[in-house]
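Scrolling down, you'll hit the structures one after another.
First chain A sits with chain B, and in the next complex the same chain sits with chain C.
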Partner chain A sequence: MHSFINFIMGPMVWISFLIFFIGVIFRLIGLFKQINAKENFVYTYLSFKYSFRSIFAWLIPFLPVSTRKSPVFYSISYVFHLLLFLIPIFLLSHVALLEESMHWSWVTLSDSTADSLTLIVIFSLIFFFIRRFVVPEVKFLTRLSDFLFILIVALPFVTGFLAYHQFFAYRWMVIVHVLSGELMIILIPFTRFFHMFLAPLTRAYTGSEFGNVRHAKDW
Partner chain B sequence: MMKLKRFIFITIVILMITAFYSYSQEEFPMVDNLIFDHPQRPAAVFDHDDHNEKAGVEEDCSICHHVYEGKELIKDESSEDSLCSECHSLKTTPENGISLRMAFHNRCKSCHFKSNNGPVLCGECHIK
Partner chain C sequence: MQESLTIDEKLEPDKKDVIDEGVEAGLSRLTPQKISQVINQVLTKETGPRFKAYVETCMRCGLCADACNIFLSNDRDPKFSPAAKVKQTILEMIKRKGKVSKQFLKDTVRIAHTECNACKRCSMYCPFGIDIAYMMLQVRRICHKLEITPLYIQDTVNSHSATMNQMWVKEDEWIDTLQWQEEDAREEFENLRIPLDKDGADIMYSVIAPEPKFQAGLIYQTAVIMHAAGLNWTMPSTPGWDNSNMAMYTGDFEISARIAQVHYETAAKLHVKKIVMGECGHAFRSVYDVGNRWVGWAMPPVDLVHAIDFYHDMLTSGKIRVKEKYKKTVTLHDPCNISRGRGLHNKARELVNILCESFIEMTPNREHNYCCGAGGGVINCGPPWKGTRMVNSREKKDQIERTGAEVLIAPCHNCHSGLEDIVEHYGVDMEIKFFGDIIYEVMEKTIYQEKK
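Moving on, here comes the complex of A and B:
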């Protein structure tokens, strides 16, 4: 058991990040190959200024008009995405483990803060889940895989929360937590999670076209 | 009148149970964590002599209570009259590359991993 725990909390973390980085590089190479073959005219108007203008405009809460049309969904989504990165990166237990193996360390959230923020993430995911049942236009577009992705994101947060509180089956809770966290990292480049890289590229593309060609705002 | 007697009786029982629990919890031996600014976790369970007997390390105190001169480990000498925090500060400094939390964790966990026995996950030492 000890060597298994040592493996999933040691080498497997690095293997997961390696697969993640290699996957991202391959996906991006494939994407740019496609652009070069089919749409290489985008380079004629692609601009740094309009790309970043668009990316930043879309990062400001409620600046884009479309986000004002569904304020509740958008607010929850905004906070959710922020916490999705904030919590695991600044969690005391994660940073402590990293310090012990790599001597890297940085500021951390206190455990009680992280615990409350984790609850916000879990409730956001429940909201996204229910929304897919009750909002007709979303329900219409929902497939089984949408629920699967909500589950994959929920798993490391729910198991981390249950483990922290030591409610039951502590050792197994941590094992499932670590494995589900690694699964999520590995899946990013190969699934819909890749939108974390595609979204800024889409903004650069659209922002440049609106700024340079149509002389308009794209938010 | 009966009601009042019953009320007093129940109150006394509850008080005794609470007293027993708080007493028995304090009895459980732990590594003191008061040196940490705002302890984030319950203090780690560690029954010093019992642990070292079970782990078969009661002969060599220097496995944990080691002595350094600068960065040089002095073999065959031990520092059981000092706390770990006398040399390991809370934050890493140029003189000491091992923060106090990390000193505890690396010492305890590396041996547990090596001997395939003993706790290795947060909640197995920091028991709520």
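Moving on, here comes the complex of A and C:
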């Protein structure tokens, strides 16, 4: 058991990140190869100025009209995406583990802050889950995989929260926490989680077409 | 245009019951092999990484729904959201590897051809900027290759391919119409000309085929404006005078490219400095954004000026002067293809303020304006689909009604016809005009004297 935990908290972390990076690079190379082979006109219209104009416009809360149409969903989604990165990167126990093994360290969130932020993430996920049943246009689009994504993201946060509070089955919580976190990292390049990389690209292209060719805003 | 040959005006049939002879006949010819072969060819060979990225990036958040005028017009029925249209067509085709039934294809034609105006508003509401209009046009491409395009719009494409204009206008009829307008206008301005094929003129003026066919008066008005401004202009007598392009909307991209090519080659042959085009939106999209790309021109090879831009220039430079401002209260409809498609909405507003005394803004407006409901070739699907088009235009009707204006300026032929239908169908008390109509009414009609 001990060696299993050591494995998933040691080498498996690095293996997960390795799969993540190789997967991302592999997919991006594949994408650009395809663009070069079939749609290299994309570069004719792609503009740095308008790509970033569009991306930044969409990062400013409530600037895009679309976000004002669904303010609750948009706010929750915005905060959720931020926390999805902030919490794991700046969590004291994560940084402590890294310091122990690699002597790397950086600023950390206090445990109580991280704890409340984690609750926000969990409630966001519950909100997304309910929204998929309640809002008709979202319900119509929803498939099983959409719930699986929510589940995969929820697992490391819920188990992390439970493990921190040591409510029950501490050891099992840690195991599930570590494994599900690694699963999420591994899955990013191979599932729709890849929107993390694709969305800025599709936004950039649409932003370029709107700004460069159509002389119009796209938000 | 064809929508004037209406069937029962107030008919609001169940959408699934519309019988389109072109679609029915096309479906009866199809075999399962042909269906899957065409779908897979388009989805794997013709489309590329962009299409794939759009399919793989959508997180089904549903934010695109609020963008869609047709979704809003149908009481937020989830089937009509942009992403739902992708789900019901493309995602199913991918899932079933192209092995879909004829009933599925019948629904597909209805969705892609009559329930999407290809207005691109949803790409402004999707956080990822997914271009669903582009995806719906790929579905229409599949329909085209399966030969199940709705009858009426296919007829306009047939006309394009045979005559290079949209309305089966014969060459002698075209020339005759221009000379008839010239003759009429000379009663008002004795030395007015509509110069044909004038080599080296500054401007080639191009129109869409419904102008000579049904609205020749618009050519008259333009001739008066050109004359009063003392411009060195010409109109081509040969094919290439029509800038419209329905093939762009049926997915017949080869014909679409030929139309744009002939248009630009005609301008090149005449050695003109620029092309000025009439008040049309889809035609602008075709020559500015779509057809040219298929020929291989990244941007228009000849300077291309939309009527709004042209009028704006005439009125701000003083070449055309306003005698007395237009009195009635006006509102402005921003056509998708020149606001979202070219950012001309601010110039259009400046133009309104130069020409008219009181302007009431329509909301939403500019890039965010709703489509007229006729755009993207939807009106060109003709009488069988008019009933559903009227249902799908309810949001637009509410929007124009809210302004309370007496006159609605719609600087686009498609929008114009679509809005005429809405106003007539729902009994909205509103006159619809082109900028050209208003300019002709309020301008100082000076007789231009050539400098000796």
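As a convention for this text, the second predicted complex is superposed on the first by the 219 of 219 C-alpha atoms of A that agree within 3 Å, B and C clash if a C-alpha of one lies under 4 Å from a C-alpha of the other, contacts with A are read in each partner's own complex, and residues count from 1 in each chain.
Throughout what follows, a contact is a pair of C-beta atoms (placed from the backbone, for glycine too) under 8 Å apart; a residue touches a chain by one contact, two chains touch by 3 or more.
The model shown is predicted, which means the values in this text are computed figures rather than measured ones.
S.K.: By the touch definition at the top of the document, which applies to A:Lys49: first (chain B), second (chain C), both, or neither?
M.R.: neither
S.K.: Applying the document's definition of touch, where does A:Asn6 land relative to chain B and chain C: first, second, both, or neither?
M.R.: first
S.K.: Contact-wise, after the overlay, does A:Leu201 reach chain B, chain C, both or neither (first, second, both, neither)?
M.R.: The answer is second: A:Leu201 touches chain C but not chain B.
S.K.: Tell me which partner A:Ala163 touches in the superposition: chain B (first), chain C (second), both or neither.
M.R.: First partner only, chain B.
S.K.: Given the touch rule stated above, what does A:Phe41 touch, chain B (first), chain C (second), both, or neither?
M.R.: A:Phe41 sits against chain C, while chain B stays out of touch.
S.K.: Of chain B and chain C, which one touches more of chain A's residues?
M.R.: C
S.K.: Which of the residues in chain A end up touching chain C in this complex?
M.R.: For this pair, the touching residues of chain A are 31, 34-35, 37-39, 41-42, 44-45, 54, 58, 64-67, 69-70, 73-74, 77, 135-143, 146, 192, 194-195, 198-199, 201-207, 209-210, 213-219.
S.K.: Which bits of chain A are touching chain B when the two form their complex?
M.R.: Touch list, chain A to chain B: 1-3, 5-6, 92-93, 96, 99-100, 103, 110-111, 163-166, 170-171, 174.
S.K.: Touching residues of chain B toward chain A in the complex: what are they?
M.R.: Within the complex, chain B touches chain A at residues 38, 40-41, 97, 99, 101-102, 105-106, 109, 112-113, 116-117, 120-124, 127-128.
S.K.: Name, in rising order, each residue of chain C that touches chain A in their complex.
M.R.: The touching residues are 48-50, 52-54, 56-63, 65-67, 71, 76, 78-79, 81, 83-84, 87, 123-131, 289, 293, 298-299, 339-343, 364, 367-368.
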